Amino acid sequence: MDHFPTNWGRPRNDAFDAYGTYPIAQRPKNDAFSAGVQHTQQPIVTGTSVLAIKYKDGIMMAADNLASYGSLARFKDIQRLHAVGDNTVIGAGGDMSDFQYIQTILDELMIDEFTSGDHQTLGPAEIHEYLSQIMYARRSKMNPLWNSLLVGGFKDGQRFLAYVDLLGTTYSASTLATGYGSYIAQPLLRKAVEGYEDVLTEEEALKIIENSMRVLYYRDARSLNKYQVATITEKGVTISESRQLETSWSFAEGIRGYGAQTQ
Amino acid sequence: MPDMVSIAQPIQQSFNPYTENGGTILAIAGADFSVIAGDTRQSEGYNIQTRYAPKVFRLTDKAVLAVNGFAADGNMFVKKVRQRLEWYRHAHAKDMPIRAIARLIQTMLYARRFFPYYVYNILGGIEEDGTGAVYSFDPVGSYEREACRAAGAAQSLVQPFLDNQIYFKNQTPAPGTSFPAHLPLQTVLSLVIDSFTSATERHIEVGDGLEIYVVVAKGSTSAQGLQNLRGVQELTATDDGERVFVVRRELKKD
Amino acid sequence: MSIMELNGGSVIAMVGKDCVAIAADMRLGNQALGISSKFERIFPVTDRIYLGLPGLATDVATLRERFRFRVNMYTIKEEREIQPETFAHLVSSTLYEHRFGPYFIEPVMAGISKTPSGAVKPFIAATDLIGCLNFAKDFVVAGTASTKLYGVAEGLWEPDLEPEDLFETISQTLLNATDRDAFSGWGCIVHIITKDKVVTRTLKGRMD
């Protein structure tokens, strides 16, 4: 048992005076009493882009399986798409521990709603609203959940697709992308989807998503060629197994400093 | 073991709870009507987040609120105002008059004086005496009633134009005549559309779509010309007499 | 505070039908304090070219003399009057010579050029403080009230205005824009340039 109250509630870290050689008065200020609660001031283990589009039958969403630790590709089998109930999928970029916390909150919420026994289930619109309120409340406490989230769903014949982030900012559009995807994939998605939301088939939608994920993998250094695709339609939610991206790097041969060097 | 002790604090880049989401809003009061308009683009930096995010909201059949600045704060503020208006309705069995809504907004904004809603509000509608009203607010609740006001990203482009065309600033009436105190609805709508097309031309954060709300007083003739306007839709919910319309138009998307 | 806003002041130029107009306010200030209401910032370059110099007042004086010198040298060497297009490039290169220690001026110019066939062509141009040229077909603005000028001009200007209508348009634009700018105002001067004369009018403005 650690008998130094100033160490209580702090992570064990040998760099921080493990033997308590410093008198209490001279301890670093962020001890258990002055800052008993740790706030997320920056993301640690992060996920990159999430993409989503509307198509004829519903919503298609994609995210790769990488969780980075800074520039280190730390976890290569992380799920960043999560089904909430039978009509909704959320996808997350940003801090993965915050995202997993959000998953537990929403799963608990769905159980609470189920046990009320009124045979009403929360749809994507309600889940997005609930999530927005949480995100906004946390930013207002200066203790944000460091994520950008996409919420996609299909309920009562209605497609739903919306965004919410760590500031509580929300918006909706027929194509959405977070992180690097908002720079690289969003223009591709808008060109392929805007105006065709009601005619795109699942195959066509998948092609658009796959191509955007490939472009992201080529240009986003924090991305992975292993990803999952979720579809939310009248039939419910499906989140695919992880799939590989087909990539071609032969072009690199011709670029000096890119491909293998011969001289 | 002195090197096991770290006194240095980690470098903290403190979290910024605000951002700016662009766009512009505008309201003009007529004799017996009020026009409240806003573009529908929502952006952050050079990024267009969506081409349709409403900034103008019908509160009651006699009051419309436009919010501009930090979108998350704006939406939350509208939500809270609507909640207070609903409580008022339950307590008094009628809609809150617009001057009371204006004072309510002031106290709600000032309550957050030390962590403000980063939002510029413009409230438009019909006063109890049947006159068109516009109230404008700063983020911490200073407010006044005016005949016209622009706010947001293109405020500096639009407001001087309105000074000239609504208040007839720097103009002299022909001898023996005088300028009207209030303009007819058709003229006001034309000026609103011109203001937004101009702002769209010269400001990157303005564009995509335009929503113009028109609140018309009980028994006013202004509503007549409105029905056959392109892109108009009536939103009136009560039979109090006041009527609310919205006119939707496209703006350039570049 | 920005050097570009130290003394205040704004200039605008507009194209009309076979005519151009250039106008400026007359305020000279030291930040928020008004110093003079008779400050000139538009200067004739030739009979048909006028140059507006909004920005740092000391550079207004310097550049005015510099351009007078350079235009005189051009006239002597070439033995003819400088054309507006040529003058615009002279302005641009003069400013770009000081790319990394610029004059804090954003010039606006207006003139009428005569084509070989004898027809007249209205000309306006503006540059930033390091000489990036902007040849606009409608209007150009610069100075502390530039955003306001853009907004009003975009709303009031229309193509092919006759000289008197152009005068009214540019005057209303300048007056209403400067009334919303704390650093511009205190009276205005307007020049309407047509092929055979220049009409100069001073306008009363709000003094607050």
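Letters A, B and C name the chains as they come in the text, with residue numbers starting at 1 for each one.
Assume a residue touches a chain if its C-beta (ideal position, glycine included) is under 8 Å from a C-beta of that chain, and two chains touch if they have at least 3 such contacts.
The UniProt protein names, listed by chain, are A, B, C = Proteasome subunit beta.
Quantities reported herein were computed from a predicted structural model and do not represent experimental measurements.
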| item | value |
| --- | --- |
| Labels of chains that are neighbours to chain A (Proteasome subunit beta) and to chain C (Proteasome subunit beta) | B |
| Chain with minimal offset from the mean of all protein Cα atoms | B |
| Greatest separation from chain C (Proteasome subunit beta) - chain, by CA centre | A |
| Distance from chain C (Proteasome subunit beta) to chain A (Proteasome subunit beta) - Cα centre to Cα centre, in angstrom | 53 |
| Distance between the centres, which are taken as Cα means, of chain B (Proteasome subunit beta) and chain A (Proteasome subunit beta), whole angstrom | 34 |
| Distance from the mean Cα position of chain C (Proteasome subunit beta) to that of chain B (Proteasome subunit beta), given in whole angstrom | 36 |
| Chain A (Proteasome subunit beta) residues within the chain B (Proteasome subunit beta) interface of the complex | 14-19, 21-22, 28-30, 39, 41-42, 136, 139-140, 142, 144, 163, 167-173, 182-183 |
| Interfacial residue positions of chain B (Proteasome subunit beta) with respect to chain C (Proteasome subunit beta) in the complex | 154, 156-161, 163-165, 169-171, 194-195, 198-199, 201-202 |
| Chain B (Proteasome subunit beta) contact footprint on chain C (Proteasome subunit beta) (complex, rising order) | 147-148, 150-152, 154-156, 171-172, 175-177, 179-180 |
| Chain A (Proteasome subunit beta)-facing residues of chain B (Proteasome subunit beta), complex | 1, 4-7, 9, 12-15, 17-19, 21, 42, 44, 47, 49-53, 70-72, 75-76, 115 |
